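Take a look at these structures.
You will see chain A twice below: alongside chain B first, and alongside chain C after that.
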Partner chain A sequence: MDHNTQKLLLAEDDELLASLLYYRLQKSGYAVHMVHDGKKVKEYLEQTIPDMIISDIMMPYFSGIELIDHVRNVLKLDVPIIILSSAGNEQNVLSAFELGANDFISKPVSPSELLVRVGRELKKR
Partner chain B sequence: MEYPKITYQCYSLIHSIQMTPEWFGHLTLLFVILSAIYLLIIFIIRNRFSRVSKAVADRKRVLGPMISTFLFYEEDGSRSEKTDYVQLKLEIRQLLKDKFNRKVLVEIFLDLKKDISGEANLCLSHLYRNLGLHLYAFDALKSRRWVKISRGIQELNELHIEEGYGFIKTFINDRRGVIRKQAQLAIVSLKHEGISYFLDTNKFPISEWQQLKLMDVLRNLKDFQPPRFRRWLTSKNKYVVLFALRLLKFYKQNDANASLIELVKHRNEQIKIEAIDCIREFCVFEGLDTMKSVFWRCSPEIKILLLDAIANLGTDKDITFLKDVENREFTFIVKSKALSAINLIRPGTILPTIDIETHETYTGETLQTDSPSPSIEQVAETDGTPRIEEESAEQPSLKTPDEVIPPESNLDELPDPLREMSTPFTYGWEQLVDTETDDTEIFDLCLMEELQDILAQKDASEDEEAAILPLEFLPLVTEAEDSIDDSLWSQSLPLFILELEIECEIISEAENFSLELNRLLLSLGTPSASEQVPSSAELADGLEIHPVNTHGRNNDNNLGIEEIQGSAPPEPVQEQEDHNKTPWVDVCGTDNEVTAIIFHLEPLKAPATALKSCVPQDSEGIATKVSDYGHQSIFYDFFRNADEESKLILLEEVLAVADMKDCQFLDSLEGDSSGKVRVKAAKIKAKLCKKWEAEPEYKPLIAMVGSASNGKGYKNGSWNESKAIRPDPSLKELQPLEYCFLNINPSPEESADGSPPVRITVPVRDSGTNQPQKE
Partner chain C sequence: MKLETLINQLSDLGFALRNFSMESLPAEEAVRVHQLFSNFQSEIEFLIRSTHPVGNSKAPVNASESLSPIQGNLGNAIQSPIGNIIGCSSLLKESELSLEQLEYVNAILASSNILMNLSREITDTTSHHSQPRISGKDHMPGIPASMAQSTQITGQKKKFDLRPVWEDCLGEAMLLEELIQLFKRNSLEFIGEVKIHLQQENFEGIGFASHKIKNGLKMLQISELLTIADQMDHLSRTDKDLKYMRFLYDCFVDEYPQTEREIDLEVVRIKNQQQNDGS
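Entry: the complex of A and B
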């Protein structure tokens, strides 16, 4: 699989999980940019527009919900957004969907499942 | 050894220390040094923690990708990938020789185990074992430190190293609580038979929290086949019995009925409660007798549970026991529960008895036993309105179930709403409650009932005027005039219905005045109506409307005044001059206007009598009408059942809302049994008249009220019997609707004695423009 042309932004504050997912996505051929807090996500988005954003909901400085709001209402981007959230956080997930999230994966994350969802969302574009 | 005697002399030894500046300097230095040492220690400890956590984070950043590489390694990868993998494996082996690296690596494994699922999660356990980290965990179990042992058990449990089961189960009865609880969770989690081993061998109490955690572990076990937990109902450890009972209930194992029944007799209340719960859950009917036998020696809480179980499982035979409980038990909640249990077994056995008032038994009343309301034709007869001959004599006066209103052939030509009223339909109570009954039928039914009631009221009060009936609920008929057959208006319809419609339309639509006037005149011209309604000549006794067409109804809205004049009978015209000569009436008008009649207040009898004619008249005179009007007051019903205090309060309200009817009603209160009410009524009446006096349009009404008040006239805010305005017998009545056409205004002209005249004008249409004109 070669997805070199498709850039993914992975925003996850847990470095270990982020590195695991980064490795898995990169191995699948995506160009992944990994950040660990909301500030850096914002900075990155001011410079580059990724093909997809994979974001945790709970992040320092700038939560996943705010990120979706920023992307949809400030930057006016229709980039697919997949939300990572721990189980039992349904209210946040609903808010994320209301703001324009495209998909949602609950933690613990299955890397294989994430790959499938990323591929599906990118195909929709 | 001698101890100094403690006497009051010792106090002399206590004295304040002499503080010198040197002392202060030494003490300050001491505290500074202590603070510096304290801060230094904190700084060192903090730095150490920071350094360690930074080192761990750095090491995790190194080891994390390595673990990722191992986790997602694919056998069918390229040669370079395989070479890298082998080199990485050698590298990590070297790293694992370091204790710190091992520690960090285990942390990574435990973290990732929580964060990832699926195939990667399983791979993580394999990798842990492949790297030989489980061996270090086994070594930790041999440690004497409880922290190391606990951490080792946790590693083996979370990374699911089944080989550790044998090592861990030795800690299941460890005296150290943390290790014991960790071991209990581990053995239940690692192997399916762990729960059996735990229940068999556990000697220590199992806390509620631990029971919940164990059940959570069991619930998350894949392909778990629970053992028959009845085996542990005989355990000597009561906590095991309790936990087994809960597991029985959770896994719904209903093969331990005999044991459950025996456990109802257990000394431990918790076990008893769980056993009763199980009996109720599994419907163990055999346990009823045991529950009854243990009932009297149980606490109220257990008794309630027992009664609840008996209510669910019991039959009629158990009601005796429950009644016995209700009689013998002293605790209110238990008694109450017993009663509710009886009602649950046999609903309706126990009925509410507290605060229930006694009433006579309802014997049942039928509509036929009541005096039937008069039918339409009866009302028509009493009203003097023309009777519809074709109307069926069998028309029911009240609606009884399955009653049929027979068709009335001659009413088929009535205007639509009236025709709908007389449309035959069958209705019964079944239809009334039928949800599918058409709304229009229900509406018709209600309409008929309302009409019948009103007509019944009318019949009872022997009113001659139907126009004052409260028929506001009737729909306003706005059908085109052309579609109405004129002859029907004069022949088929009762007069009062015609009048009702005219009144309603006149109020709402001023521009249709001419049309309504025509309709009114037409109704006056009908033979039957002429018997009841005074002719225009008779009207001329009191006031004159000139000219008046009393010969049939002209449907032409543009009817000119000349046309009307031409058809008017000569007699009223002749009498007009005579009436013009009356000192208190001036008739103004030209050829193309009807008339303008000026009344002078001095002989206010005329308008007073004319307005009085709104009050239904009969041969007995006005006095009876006063009481009749009093009955129409909204306060009449209130006063019938009110006590003295309520009447006084109601009288206060009369002032605010009173009209002529209420004034008559106030008169009727002069005969009230209560003196206070009589006085109050008189006061209110006086206030009312004062209020009306201030407004010119009420002056005739005041006079009328005086005339209607049995000769008690009103003057200057008080009622004067000597000045009572009496009705002039020479004056004839107007129909009520005719007064709607009169505008009573005070005239600037004054009569000879200074009393202001009242000008009553009748608006008519100009023949040419068809525009209403007023004078």
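Entry: the complex of A and C
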């Protein structure tokens, strides 16, 4: 598979999970930019518009919910957003969908499932 | 096997203590600490070897055959000085230390806790106690049975399953090792963070730290530590029972070094198996 022009922004503060997802996404041919906190997400989005954002909900400085709000209502971007969420965060997931998230995956995240969902969302574009 | 582990742990502890004292104490004190520890190590090794001569692999027919007057006192002989090391190291940890010094003290504490647990396990085996023991702690009223079981020292039961994450790594041993390193770092951060949060009674902080470590524990399927982190996360949002949380924290700190060691062995095993399959 080669998705070499498709840029993904991966925002996840758990470096363990982030490293695994980064590896699998890169291995599948995506150009992945990985950050571990919300502040870095904002900085990256000021310079680059990715083809997709994959973000955790609970992040330092700037939560996933705030990120969706920022992307949809401040930057006015239509990029697909996939949310990673732990069990028990249902309320946050609903808020994320209300604000414009496209999909969500419950933790622990299966990299294979994520790849399928990423491919599906990008195909819709 | 247990005795070999005990001796190995003792050497690890000696190594950590030596590094720490040479870097952090005046030469005279460092030598004194080294001598004290060497004496302590020799005494323990003498006690162990006198009760279990090297090469005597024949297992006793029953537990009573393995009892001797020395063994009867083995627990106290070993546990008292280890208790002193743990106590002094804990006091040392409270003082102002550099990051490096803190790492040494943590290593001393971790090794001492393992030594204490192993020593208790040995004395348990030689006596007729068949009841499960909570590592380093007395059983606490109200603790769920699953928790008591999770902190029980079995040394037999596998506490984690690396296969799913190994499959997710697509057989990349380097990635697996990197993930394990990250997990170790996260765990040590968790231990440090929660200690401070407990001191400050910062339940939100405890909840956040527990929530964060849970993801890694789920990924590596480390069931026992996950149960502890789950309970801490839950308590931080509900009862906020500080005493119980401290107990859970101590369980985590007790349990972690042994889990880490077993994970390291498992990674070596996986890598060896991979090399054998490849050759």
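In the analysis below, the second predicted complex is superposed on the first by the 125 of 125 C-alpha atoms of A that agree within 3 Å, B and C clash if a C-alpha of one lies under 4 Å from a C-alpha of the other, contacts with A are read in each partner's own complex, and residues count from 1 in each chain.
The definition used in the following text is that a contact is a pair of C-beta atoms (placed from the backbone, for glycine too) under 8 Å apart; a residue touches a chain by one contact, two chains touch by 3 or more.
All figures in this text were calculated on a predicted structure; none of them were measured in a lab.
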Let's test your reading of the overlay: on chain A, do chain B and chain C clash or fit side by side? clash
Does the superposition put A:E43 against chain B (first), chain C (second), both, or neither? neither
Figure out whether A:D13 sits in contact with chain B (first) or chain C (second), or with both, or with neither. second
Could you look at A:P111 and tell me whether it touches chain B, chain C, both or neither (first, second, both, neither)? both
With both complexes overlaid on chain A, does A:E90 touch chain B (first), chain C (second), both or neither? neither
Of the two partner chains, chain B (first) and chain C (second), which one does A:D78 touch, if any: first, second, both, or neither? neither
Contact-wise, after the overlay, does A:E98 reach chain B, chain C, both or neither (first, second, both, neither)? neither
Which holds for A:K27: it touches chain B only (first), chain C only (second), both, or neither? both
When the two structures are overlaid on chain A, which partner does A:M58 contact: first (chain B), second (chain C), both, or neither? second
In chain A, both chain B and chain C touch residues 14-17, 19-20, 23-24, 27, 107-108, 110-112
Interface residues, chain A side, partner chain B - complex: 14-17, 19-20, 23-24, 27, 107-113
Residue ranges of chain C touching chain A (in the complex, touch as defined): 165, 168-170, 172, 175, 178-179, 182-183, 186, 208, 211-212, 214-216, 218-219
Considering only the defined contacts, which chain A positions touch chain C in the complex? 13-17, 19-20, 23-24, 27, 58, 86, 107-108, 110-112
Inside the complex, what are the residues of chain B that reach chain A? 57, 60-61, 64-65, 67-69, 71-72, 108, 111-112, 114-121
